[in-house]
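Okay, so chain A shows up in both of these, paired with chain B first and chain C after.
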Partner chain A sequence: MADTDSAETGTETESARNTSPQNGESGAAEAATEASETASTPANAADERIAFRGVFARMLVRPEIGAAIAATAVWIFFWSVSGVFGLAGGTASVLDVASTLGIMAVAVAMLMIGGEFDLSAGAATGALGIVTLMFVRDITGEMGGAGLSLWIALPLSLAVALGLGWFNGTMVNRSGLPSFIVTLASFFILKGAKLGFAKLIVDQIQVGKMDDLEIFAADRGGDKGYGFFQPIFAAEWDRTDHVWESRDFLYTVACLVGLTLLVLALYEMRFARKDKMNPAGLAVTLAGIAAGIGGVLYLHGTDGTSANAIGAAIIGAGMLIGFFGLAMWRYQPLSDKGSFSVSPGWLAPFGAGLGALALAVLAARSLDAQNSENVTFLVTEQGLRAILFVGLAGAGAVLLLMASHRAGIGSQLTRSIVLLCTAGLVVAIAFFIRSESASPKFRTEVFSIMLAIAALMAVWAIVTLFFAERRYPDAPADRLGRLLIAGGTLMFIIGVGTRLLYTVPAEIEAGISPAKFSVRTLWFLLFAGVCTWVLGRSKFGSWVFAVGGNKEASRQIGVPAARTKVQLFMLVSFAAWLVGTLLAFRLNTIQASTGDGEEFEYIIAAVVGGTALTGGYGSTLGAAIGAIIMAMAAQGIPSARWNSDWRFVFLGGILLLAVIANNFIRSRAEATR
Partner chain B sequence: MKKLLSLLALLLAFTLAAAACGGSDDDTAADDAAEDTSEEAAEAEEEEAMEEEAEEAMEEEGDEEVALETQGGDLTFHMITHSDDGPFWSVVKNGFDAACAAHGVNCVWMPGNNDPGQMVTDIETAIGEGSAGIAASLPSPDQLIGPLQDAVGAGIPVYTLNSGLNDYQTIGATTHIGQSEDVAGQGAGNRFNDLGATKVLCGRQEQSNVGLEERCGGLAETFGGEVVDEFVGLDADQTEQINGIKAILEADPDIDAFLGVGPVIAMSGLQAAQDLGRDLTIGGFDMTPELLDAIEAGDIAFTVDQQQYLQGYLPVVLMFLEATNANQAGGGQPVLTGPGFVTPDNAAAVKALSAAGTR
Partner chain C sequence: MTDTESTSSSSGTPLLELTNIGKFYGNIIALNGVTTHVEAGKVTCVLGDNGAGKSTFIKILAGVHQHDEGEFKLEGEAVRFNSPREALDRGIAAVYQDLAMVPLMSVWRNFFLGSEPTKGVWPLQWIDKATAKATAKEEMAKMGIDIRDTEQPVGTLSGGERQSVAIARAVYFGAKVLILDEPTSALGVKQSGVVLRYIVEAAKRGLGVIFITHNPAHAYPVGDRFLILNRGQSMGNFGKDEISQQELTKLMAGGAELEQLQGELAAAISGVD
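Right after this comes the complex of A and B.
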């Protein structure tokens, strides 16, 4: 999506850049009177299709970004209210639940983009696992089973799976009935057939056992491929086996570099580039970086509280000098800063934000952090305190940012002042958390992250006051920005991944329970990656969007609509086969009820991830993130020890909020297109 | 928008349908009772008609003299249950057949397949055939109490089995032969006391299933330590179930024992404990081959067995003695067939018996 944008705007770049010198003045003058986000340069004002979009709108353009932000919010929420949620063990559990759910959600999302549903997808996972097990079982002491080698059984059950998908797709095409009703029939048939055949052949309501292949290998002349396939489908990786002392160093560096790259992307996409760079700025930047590094070293060398404050101040000053120098080097100065003005437009959210923060502090002060008794029928006092504080403080921060955005509509000076106030409040809350909280998670980690965020906000407030916003398309700058975003995200993934996959001796001594990562997660990532590539880059992917948008129209322009739909159904049943196989190797035994009713979880995950119920719109990456959100909710609720009777109330609430957030962010991002 | 709305309406309709028929394959009485209540409404009308018929039939026959029999050969006993041909009920049937053969009586096995209407018809048939004793399960008491009272009124000794603990006295049945979920949970609590556990997580695989809640409730009554009672995820998504248990275990390091109130969830508890490297004392309910293997290997400490063979066998013995010797067992109290326990000591023996179809 993003790439087609840049292709479109690319041709306009040159003319836009030619007009940029005068834009500096006229644009700023205009900004005083109208909304800055939609202001356009004289060059392209005539064509609203390439109307200029604000920097955040450009950064948030992909359909899955809303899901990603919602996922982050859910993660932060559970991380703050639960002791074990963010640890490696908790993360392994979340990924474990997300893997099987996510593989199906990605396939179902593709089918939904293609305009169809498959209600038999859930029951099919269990059914195909049972089919595989029936093929490999033999008659040693028990009834039933074909006794085939896995080398034959797996392709055979895959053929059954593809046949099932072909059947669903063909029935939908031929009958012209909604796929909802056709696959509902398939669902009931599969549900009944699982139980019926399990009882008929095995005389049980479950079919086992996969690891019999290994246990009875000697009697049966070899393990029939079990030794080969077991690691492929069920390998597990124990984190405690991998100790790396300097893990946290890499983690910190990767996260810092990632954050820096993201901030650089923000700068590059926001400010107007100079025609001629100013080398003096580069020198200032280097000085700032040096100061920052000096501050870090100083902080590491000392222990005292006052020395900590000095170190933090040096780092903050280094950041300011560094980013200011960078802007001096690359970007045009802002001539008209506007004058400070008070308007109800920003005062209202500002006041509301202050109120929310005050309530958060009040809640934290008045409730007992040590009390794990149930205060209400829902949660413990401890839990209530955490939920209230996190919720209110989060809402306060959002309101304050909204206030600074609105203030900036009138003048840059007002925006910067409001933003500086917000940064100050963030610092105050950070110190409050440090003084109130008992756990090191809040006293050090949350505290330093909040200080860093406040520093970035303050620097942003100052730099935006002195340098001009770009109000015209600049494809090379946007491309560089996107590259930096990709790089920054990659660094975060490396940092977090390292921290999850490796352990340090101190953690083992502390008796933190071991985390087991499974090969299922890799299957999930692989499947999501391949589907995302197919959907975004291949002809088949374009066909999927086309048939989902309008089947008749797509057929008339030469898309093989019927075939595409059948292939999508076959993709879903392939995914069900994969999940069934993963479950068979993991659990060794499959219950007849396995997967029944799960099809709604797949659809929900796809919708949470931004896929439309009506077809023609959506994202496989979003569906994968949606699956992770659902897994986080499913794991976070017991982790936080909330009353399980109310589990589905919480789950529903979290999903509703996630979908609303996703939808809001996406519509904001697309409003200016 | 219209398309979207209609899709949503369909989604809703389907969810309701799925919820209505989302039965379990668990073979406990309470499960079946819960399951069948949803069918009650649909069956109610049919039932009324049938009850009327039954009453008419009763009037025609009138009271029948019951003479003591001294020889079994003339006796015919009926066992009318909601049996569904599953592994659970096949064991009950084996017990029933064995007892009939041992006493040399005629026996009629009438499986209702979870259809109360069928059971009502069967009860009427049994009354019509001049049964010497009726043993019935009561998955949906409201519909079955009437016909069984008619049987009592006709002078036929009635026994309830498996489910019906709360209603056998209303019917006027001699006694109830089965397991009380409460008592089963209490038995599990005593087991955990003996095994030295201090804090037990009682994991449920369903929400709002009375039988499962009673199991956890019974555990809390007798267990000396603390009980954490939680729903941890459905059997249909065992991955989520395992990880749900893990989340609670990690959040509460004091938990040193786990009771899964079904055979699948007990195995999930074992998997969770192994993943976390925690040494838990694990107990389960009912039996599957995997669970018996795990008990034999010593990974799981015990499973609660309601010994359903007795529920097939004992009614025949009691009905025989009532018919031939005018004995009335139970003294107004139910005869409990459980909880029996399968532990590493007897797992191998139980496995062999299970393969033979008697456990």
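Right after this comes the complex of A and C.
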């Protein structure tokens, strides 16, 4: 079997493949056995009892995916309805809020996965900042404070923090009471102690000031470590100081490479690999890439409508040839394309999608884009138009994708045709947006992104028509796919990060978007990264899931359940210490009420990120994304010129939606496992 | 009835030897004068109706509780465990009916929970996933258990499969004595058969098995020794050659009462006819 298949030339291999059962009536089991018999690499033997899931279903299993999709939607929403949101300045303030919230949310998510809550986490951030300030405070002529060096004060307040976590954890373990009650008590104790001690010692309801260390350094013989620690906790990156003329070149290249890697990952995870590569396909791919690059250069060098159209056509053709060649090179051809059939199953969502798009266009035409007067207490006509258009067009897109999915159940041909129609509609909407919109954001960026998406969809529709879907697990291919996704995401981060961190002379002249990025964002990324690694890969992480999922069982098996819980409480109080320190260096003065009540925001962020309230399930990465969503809401609502009193309505709505969506995704994920 | 205890003493020291074990919760006598032993490669069944003291008995063996009276010898040495971990370290593994697994965690994580294989040096130690998955699959295959996918959550397994994962885990981690707490009580007929086969399989591999059940029909085919408890008291400790299944059933339910019940039932049925 294997000998006949590994024929001399690629075309023969393909024709041999055509006869093998890949699709249609032959069950997944047959395809799987076929594959494991013929695959040259020792693919892990597929089990006929596992139904194979498609590439998108496989991605949805992770708890943070829902949060990532929600974050993208919220971002697009605020970006399209507000002027400054999404520019460097707006992004800086979103990240600033997200960082302190996110550090806490990640720690709280781990605690919640471990099955406990900490209601004192919010008050603890302010309390620990005050503790640090009390230790360093020693102003000539003023009362209060120990006057310690930061070298001593910071470790001391960290010890206080860990002691607080240890106390919470031990109380919960020893008393056997719900952590809700125990930490509610800690919350009140902290809240009262902050106020009491502040009044007792400094006779004020605020404690300060960190930068006195620097101001009075001369009187006190040195700055006591302020010069060392200030940059660590409060350094800022002012983008107007960082001009880089060729920034946009790197941005464009990084985003294009990132996009390509993501698409390659999709191909790798979707199609069935050949056991013998076809080098002719590689040549075709290279020709396609060359055509694409030629198109870009042509577009870059010319101007005018017809030249743009020609350039776009060349790029599109290059993409098609490139990806088709790639598939010829690596993947098995599809023998049974099915026949085109019209069924209500896909026709209904297709019609609904068309209707939604039509309504979106109607809304955009009938409302005045320039009118920034309030039509209601909440929103301007301009804003209403944007909301209606984005919402309806988004719903239309989802419905059309649903239609193509349903159409594909019967035959690949139908799916491809529906997908091509959808791509055509995306192009039409792109041109509509360009003709209607006044802002350059829509006329150039959104327009070209939509054209690129339409092109990728069209190419996908054509390639899926000629190459076979993989219906059996292939671990090496999935691993390569994940690697490509990671690489693509990294390229996007590099590209967008460069664009945010550096400016170009033209922007400075126009006075666009001055922004200061704080080092606290790095702390956030570092903390989230370390926690994610610990939770996913370490022994301790496994134990966290275990004690949250079934404490008694894990204890019986030999997991130190009580110790794990105490360590989790200590992790939360460590995070509170970190946030308190960041606040102390940023604000110099900390109010006695700082942080009170924020514990619920941490919990919301964790839940939005896919963490179960019942414990035993969740993701730190999701919690980090949840914190970013909350920060986007906090910054987006005022920047869309809405009344920010409504922020909490938005938060409540998001929480409810998130819980419902997560529950749905989780049950689907478990059902399809 | 009490002097049937010291009958079939085997050659060499038994794995576990319990003499006159008693346990009190305040003034409540939960367990009194229980005597039995467990040999390597043999199955000792503990039978009793609800409230007979079976749970207290196994919790003492597994280190969850400590005995107040009598002698508990492991391989000839008197012991007293303060925690399940201690008992586990000495080779006594308990598999509880509903507490055995963390349902949302994958099969391989459950299999290695508490004893994960790691790579790297502290503090940079990570779980060796590939080894863990392969070992879990292989070990379960050795017990004759074919698991679909070690990544699937244990909660999606059937009751019998869950028990079998727990048994395979205990065997792999070098248990000498395996305590099974009512492994068949929540299962259907076929699944119970599967679990009973794993019990025999575990005994064949040289483990001493303690099988707690209230179903004599499950206990008799696999057991080599039967300890019968009733209201915290030992009703006897028999070798297989000393007792028949019918006698076992009779003893468990308190003899005379069951006979009376049978009589009444027979009368009711003939009345209907």
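The working rule: the second predicted complex is superposed on the first by the 599 of 673 C-alpha atoms of A that agree within 3 Å, B and C clash if a C-alpha of one lies under 4 Å from a C-alpha of the other, contacts with A are read in each partner's own complex, and residues count from 1 in each chain.
By our rule, a residue touches a chain if its C-beta (ideal position, glycine included) is under 8 Å from a C-beta of that chain, and two chains touch if they have at least 3 such contacts.
Nothing here was measured: the structure is a model prediction, and the numbers come from that model.
Annotation: superposed three-chain arrangement on chain A; chain B versus chain C shows no clash, the two fitting side by side.
When the shared chain is aligned, chain C comes close enough to touch A:Ala546, but chain B does not. In the superposed model, A:Arg537 lies in contact with chain C only, and not with chain B. Note on chain A: of its two partners chain C and chain B, the one contacting more of its residues is B.
Looking at the shared chain after the overlay, A:Leu501 reaches neither chain B nor chain C.
Once the two complexes are laid on top of each other via chain A, the angle at chain A between chain B and chain C, using C-alpha centres, comes to 100°, given in steps of 10. Of the two partner chains placed by the overlay, only chain C lies in contact with A:Tyr617; chain B stays clear of it.
By the touch criterion defined above, A:Ile289 lies against neither chain B nor chain C after alignment on the C-alpha atoms of chain A. By the touch criterion stated above, A:Gly208 is placed in contact with chain B alone, chain C being left untouched.
In the superposition on chain A, A:Ile557 makes contact with chain C only, not with chain B.
Closest C-alpha contact of chain B with chain C, superposed model: 15 Å.
In the three-chain superposition model, chain A touches chain B and chain C at no common residue. For chain A in complex with chain C, the residues that touch the partner chain are 47, 49-50, 533, 537-539, 542-543, 545-546, 549-550, 552-560, 616-617, 670, 673. Of all residues in chain A, only 82-84, 87, 89-90, 93-94, 96-97, 99-100, 119, 126, 141-142, 180, 184, 195, 199, 203-206, 208-209, 513-514, 516, 583, 586-589, 591-598, 600-601, 603, 613-614, 634-636, 638-641, 644-645, 647-648 touch chain B in the complex they form. Contact residues of chain C toward chain A in the complex are 62, 64, 84-85, 88, 94, 96, 99-105, 109, 112-116, 118, 125-127, 129, 148-149, 151-153, 155-156.
Residue ranges on chain B touching chain A, taken from their complex, read 3-4, 7-8, 10-11, 14-15, 18, 22, 24-25, 85-87, 207, 230-240, 242-244, 246-248, 250-252, 264, 267, 271, 275-278, 288-290, 355.
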